[in-house]
Amino acid sequence: MAYKDEQLNEEKVFKDPVHRYVHVKDRVIWDLIAAPEFQRLRRIKQLGTTNLTFHGAEHSRFNHSLGVYEIVRRILYNFENRPHWNDDERLLCLCAALLHDLGHGPFSHSFEKVFKLDHEHFTQQIIMGDTHIHTILERVSPGFSKKVADVIDKTYEDKLVVSLISSQIDADRMDYLQRDAYFTGVSYGHFDMERILRVMRPIDDQVVIKSSGMHAVEDYIMSRYQMYWQVYFHPVTRSAEVILSKILHRAKYLFETDYTFKLKPMHFISFFKEKVDLADYLKLDESIVSYYFQLWQEEDDEILHDLCERFMNRRLFKYIEFNPNQQMNEWMELYRLFQEAGIDPEYYLVVDSSSDLPYDFYRPGEEEERLPIHLMMPNDELKELSRHSDIVEAISGKKRTDHKLYFPKDLLEELSDDCPAKRRILELLYGEGAGNNVN
Amino acid sequence: MAYKDEQLNEEKVFKDPVHRYVHVKDRVIWDLIAAPEFQRLRRIKQLGTTNLTFHGAEHSRFNHSLGVYEIVRRILYNFENRPHWNDDERLLCLCAALLHDLGHGPFSHSFEKVFKLDHEHFTQQIIMGDTHIHTILERVSPGFSKKVADVIDKTYEDKLVVSLISSQIDADRMDYLQRDAYFTGVSYGHFDMERILRVMRPIDDQVVIKSSGMHAVEDYIMSRYQMYWQVYFHPVTRSAEVILSKILHRAKYLFETDYTFKLKPMHFISFFKEKVDLADYLKLDESIVSYYFQLWQEEDDEILHDLCERFMNRRLFKYIEFNPNQQMNEWMELYRLFQEAGIDPEYYLVVDSSSDLPYDFYRPGEEEERLPIHLMMPNDELKELSRHSDIVEAISGKKRTDHKLYFPKDLLEELSDDCPAKRRILELLYGEGAGNNVN
Amino acid sequence: MAYKDEQLNEEKVFKDPVHRYVHVKDRVIWDLIAAPEFQRLRRIKQLGTTNLTFHGAEHSRFNHSLGVYEIVRRILYNFENRPHWNDDERLLCLCAALLHDLGHGPFSHSFEKVFKLDHEHFTQQIIMGDTHIHTILERVSPGFSKKVADVIDKTYEDKLVVSLISSQIDADRMDYLQRDAYFTGVSYGHFDMERILRVMRPIDDQVVIKSSGMHAVEDYIMSRYQMYWQVYFHPVTRSAEVILSKILHRAKYLFETDYTFKLKPMHFISFFKEKVDLADYLKLDESIVSYYFQLWQEEDDEILHDLCERFMNRRLFKYIEFNPNQQMNEWMELYRLFQEAGIDPEYYLVVDSSSDLPYDFYRPGEEEERLPIHLMMPNDELKELSRHSDIVEAISGKKRTDHKLYFPKDLLEELSDDCPAKRRILELLYGEGAGNNVN
Amino acid sequence: MAYKDEQLNEEKVFKDPVHRYVHVKDRVIWDLIAAPEFQRLRRIKQLGTTNLTFHGAEHSRFNHSLGVYEIVRRILYNFENRPHWNDDERLLCLCAALLHDLGHGPFSHSFEKVFKLDHEHFTQQIIMGDTHIHTILERVSPGFSKKVADVIDKTYEDKLVVSLISSQIDADRMDYLQRDAYFTGVSYGHFDMERILRVMRPIDDQVVIKSSGMHAVEDYIMSRYQMYWQVYFHPVTRSAEVILSKILHRAKYLFETDYTFKLKPMHFISFFKEKVDLADYLKLDESIVSYYFQLWQEEDDEILHDLCERFMNRRLFKYIEFNPNQQMNEWMELYRLFQEAGIDPEYYLVVDSSSDLPYDFYRPGEEEERLPIHLMMPNDELKELSRHSDIVEAISGKKRTDHKLYFPKDLLEELSDDCPAKRRILELLYGEGAGNNVN
């Protein structure tokens, strides 16, 4: 039997808290899961620093990847024998679902920003490069790995296949919303996925939703909205992200200025040089990062060791609402005052802005255009979701941004009362109300 | 206000997936949670290698410790103003609950066995030694840290206090059963804790259960039974434990025989020498261990790098049922055949035995005597649980043991067919049925 | 001890699927629950005919009343010792919560419309009249029953007390959303009530929500929105309501026109005469109604027995979208055609319109003014919810209406093809698309 | 297309709180559900009087019947294409599952005992008699109704088919345990049904369980055990059953002794005469019974109206532990004392005994022999469950019985203190401890 058609003797299952069971019958899927590049995802948390806010959120990307695979498996089970659906694409979809996050590294958000990386680029490299994953995919058929990579890259010609993995209501989002809700324990993130799966219909180039399922989709979009603001953009999590970024910045700066590390940052050198090859990249997981951060607590550089201590022991920065666009003068004054007080504002005075667009209708030609969700009406006509749903219409296309200013409250309070800058800093940060609004 | 009485301005909560919210009002508890020795528990998984079997089980001991604290907080809330209960012990109970697992290191089970350590010993050291935790506890009152240590050590004079933390139905067990069930996703581990808390009554020297709550306790004991056999003793998890132990053994052996490591095992040296002081111990968490295991994949020693690769990439040993007491001859023959085939049986042929006693009645004077659970009948008489419950009686005092033999199926199959040992090994392991029973 | 202060020896609990346990400690509450007028609520379903659509929705108003009581109990537990809160009002609040729906009869919606009744009027009568409930309340203190009645009637002077039971985020709504979701099994209706209860704060004349809890309130409002459109206004349920109303209309009409019933409608006579006294009212519950409807299946009047058969055996009317304001001509034509075909349009051609206002800001002076929800900002300022929440703002003050036309598809199809009206009726109802839109 | 093969255009679903969705695709099933005899099950509660103890337990047998159907549907989906399984039996299994409880009447337990009825007999009659159900089944193929009846009657030749509906681990039990747990809200009743369905295997004449699923089955058996003792045999529920039985007895007695009822018990006459035909039987549902009980509250017969008032208003009997076999003398003395005090012991002094056998191994030839559960070992050998599971072995074959004595505490306390019997009755019932054990 051809490798691509090989089935396990007995279906294997993974016990999954979110989908109850993840079912595997294809030998190819089983082999991909066993590949070291996929097992590596066990050592990368799905939500980076979020566990410092929600202690349950310690789940890995391995977890999520299996979940996305399982959702696509169930969708395709429903699609079997439907018009428009070509069952030959089944294995391709399953592989793309399983592997779509393969290129994520530790704390991707901060690492990508500081070191100018892109996890999607590495996903492509792992699939196409000299890896176990690549070997397995090519065994399916020569060129199959390229197809998988293209689906994930959204360049694959069959847009219906692409839309299963990447759209405004794809398996990726449906898994992470539910999974992140489960592990954080928040009560958002619930929606009737079983119903959504039942009303999904493949048409030429996209998956659409039967209009009778509209309310389940509304619920999903509201879940997404709440998860973004309640979990993903939680200000405490962002405080940890801010410190993490500053550690990376500082280490890079020290490296570039020939500081002598007690613990030589071997795993980081190619990152500092911004020349990361695949082998270097694959070696870096969260335990490695944690190893360095722990040992850097004993470095002589005060900023590096202070920031590492903060990160490891969760002594985070405090924050206030602060809009840099509207408060430029205060910002400049604070910056100067921090310098005066001997607290380097490059590392200790940080604005972080988060923004989200909960749902977008179609704006062709615009940057980051997103495929909207279409409802299929009883007469088979398609209707863009926000034209039919009052709720979705209300939040559609509206970007919301949140700005916060982060700083080390403890350091400021330890400043001598003689320090002329201290009083003014506290005044600016805490306002008249004696700090009621500092969190 | 005395430090011990200080309350936070506003109650703080942690969102917890198992108990919904963990509530903190006491400044002391808040400070203990923030201490580095407590934050370190974030880097130690509650269930060690279980996540290689149940991928959701990535939760940390930090998680569990908060949970035990919360359960005790709820119990004490119910105890307020009850006869027999001295509310002055409240803070002591809360601290002991929070800190009871403080001395756990990475993969405690294997580390303790290989390096002859005892996490309870380190719990005592962290509480009594030169640590942030100790300083905070002594601020409550001089000698308070010793009290906390004694409660955890079960030597504290007020046995009622001890029994909240350590008994056959203590807060520790109630938390971990539910928590481990939640994160693995298994359907065992559920019982009506709210009811059990409502029927707990303090008497002189123990917590007893009103007889009307007996069935909830039965359910709890059955949950425990199922969790042990379905989750904690899962044979795949034990396979990972076996490999982990063998890595530690091998590294120790190499160190003792002056092998030159490419990556010098600095963090491990005091462990190899079996002279671990508190500072060394606290530095070792799972990310450090993972760092070494990853780098040891590149060591020259074949056994060390093979075992590390297996552990990191989850290429585990397979297993069969095997009772070494009854199959001594087969064992000796296999041992010899493995040597003959060039596969070191010290590392690659391992029997693991797990056993559990689901519930025990009282056997005074015997080793490991356990306080039984007492029911309080309507007439205030006490009755030992197993005398009143048919189900508990049925499993009471019955130890069950499971023996498995672990081995690397892949290595055996790679042996040349010319190897005279191969055929006989396979025959012994797989039996006539051609391997049907190998897992 | 005064009756009002009497406590049960031991707290009693009701096992409740929604709130886990309902706790009762006050003798007064215990006695009220045992009163026949309260026990009668067991025989009145919370959701009338909804169980014909969602078969799980068979729960009674007894169920819901206990739930509202329990929520208020929890709120008041949090309010204890807070500024603005007068703990003397506690028992009053609990009684009002428990009894707020006492005046509901069977299938209130239809009965009230057909017989021009008002359940709130009967709630007042039961509390103030010659009933067990009244006797119990007056034992608390003379005039106490009037206070309870006033709170439920929203005329009680302490508006803070009123707002617990009747506001846009009261205990009533919080219970029924969760309870109805639980029993129907839908995935809407979930929100983090525990968090909402934690952020509720009493001020002078209302309960406000700490702004940190805004998202939980958003979630609650979205739940409400979804429950209205997905459950309460489900078109199949409304079909059953339509038939039920028509049965009542027909029976009244027959009574007024001196039809001789085989089963004399003794229980209904005062209803038909629109002179219902309290004793008559209390005697009518859903089993009595069901008794009549079953026996009326054997009446000679064709319309009455047909409608009763439909209701008992769930042979409901079908429906199409139909807006009577915009389709007046079609309506008139259909009406005439039905007459022509010998199907009485008074009973067999019915428009039902449902509308809901998911949340309303304050419009003083307008009919049905509703108290808006206020957030308490960190600086103690109050802010109306829709000014702070994008989502709520989006749906605020927007009334949505749904119109459907109901008719007996089976009867129409049984019409002889010779009947000249038949073709035209089908054309008008089913449109060109041959009935695709008929449900 | 043959009627038996007809499929609905679009799959229909029922939202079900327990199984999420019940799926219907076969026209036959759809028609059976719509039949009046099946719709009648909506008016018969699954758990009779249990809702007087657990107020959530108001769900109907309609609910449960759909659930059993759905479980069988899922089992058969897994069986498709398996050896031993004949897919031609599919529709037969589904119909038998759906209809297996069709003959239940109101409060079956008491009615059957008092009037010497048997619901299974009526199930057969409805399926074979002149009913809509029969007509539908015969449309499938002549004789099909007999096959369905035989499967339910366990006389069908293919025992594999029978065992799906009736065995110690059948779809019936799996549904009711979960459903009753859901609606009562108790925490028992949970087990991993999804796993059990996955490990069920058809063999010649029974369904067996792969041994890897043994623990899920243990959990199921423990659930059953707990549900029996915690819910089904709850002493308060039995108190209501006792009163209900006594009402029926009294009414029958009055009828037989030519008492003149104000409300003539027309619906009951054939029951009193123990000559119930199908038409009479089908007319009696719980709303009819409730109608009579309410009106009988106004009968002159004191016993009848007192008992009816108790039942409708939940003024139940109290109870103590009492073993009639061992306490014959007390029993006789109490009986005499009740007579002396003018309280008829036939109606007011009642012993109720409940017993359950949680699991039974096979005892061929004995009365009520039950097919045991068989595990299929890896080598395909069958092993009876209790030989492999310690827990099951422990409770296997052990019948447990609970005896309680019920009496009206209120009536006794209202006796004049001069009544010489009063003091002695109270002494016997409450013991020295002044009533501590009376519930």
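A, B, C and D label the chains in the order they appear, each numbered from 1.
The working rule: a contact is a pair of C-beta atoms (placed from the backbone, for glycine too) under 8 Å apart; a residue touches a chain by one contact, two chains touch by 3 or more.
Remember, predicted model here, so these are calculated numbers, not experimental data.
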### Task
Between B-C and B-D, flag the pair that has more C-beta pairs in contact.
B-D
## Note on the structure
Taking each chain's centre as the mean of its CA atoms, the one lying farthest from the centre of subunit D is chain A
### subunit B-subunit C separation of Cα centroids, rounded to whole Å
52
### Query
If you average the Cα atoms of subunit A and of subunit B to get two centres, how far apart are those centres in Å?
32
### Query
What whole-Å value do you get for the distance between subunit B and subunit D if each is reduced to the mean of its CA atoms?
44
#### Entry: Junction residues of subunit D - those touching two or more other chains
20, 186
### Query
Where on subunit A is subunit D touching in the complex?
13, 20-21, 194, 198
## Note on the structure
In their shared complex, subunit D is touched by residues of subunit B numbered 186-188, 190-192, 195, 215-216, 218-219, 222, 225-226, 229-230, 378-379, 390-391, 393-395, 398, 400, 433, 436-437
### Message
Could you list, by residue number, the parts of subunit B that touch subunit A in their complex?
### Response
14-18, 20, 34, 36, 39, 42-43, 51, 54-56, 58-60, 62-63, 66, 182-186, 283, 285-291, 294, 312-315
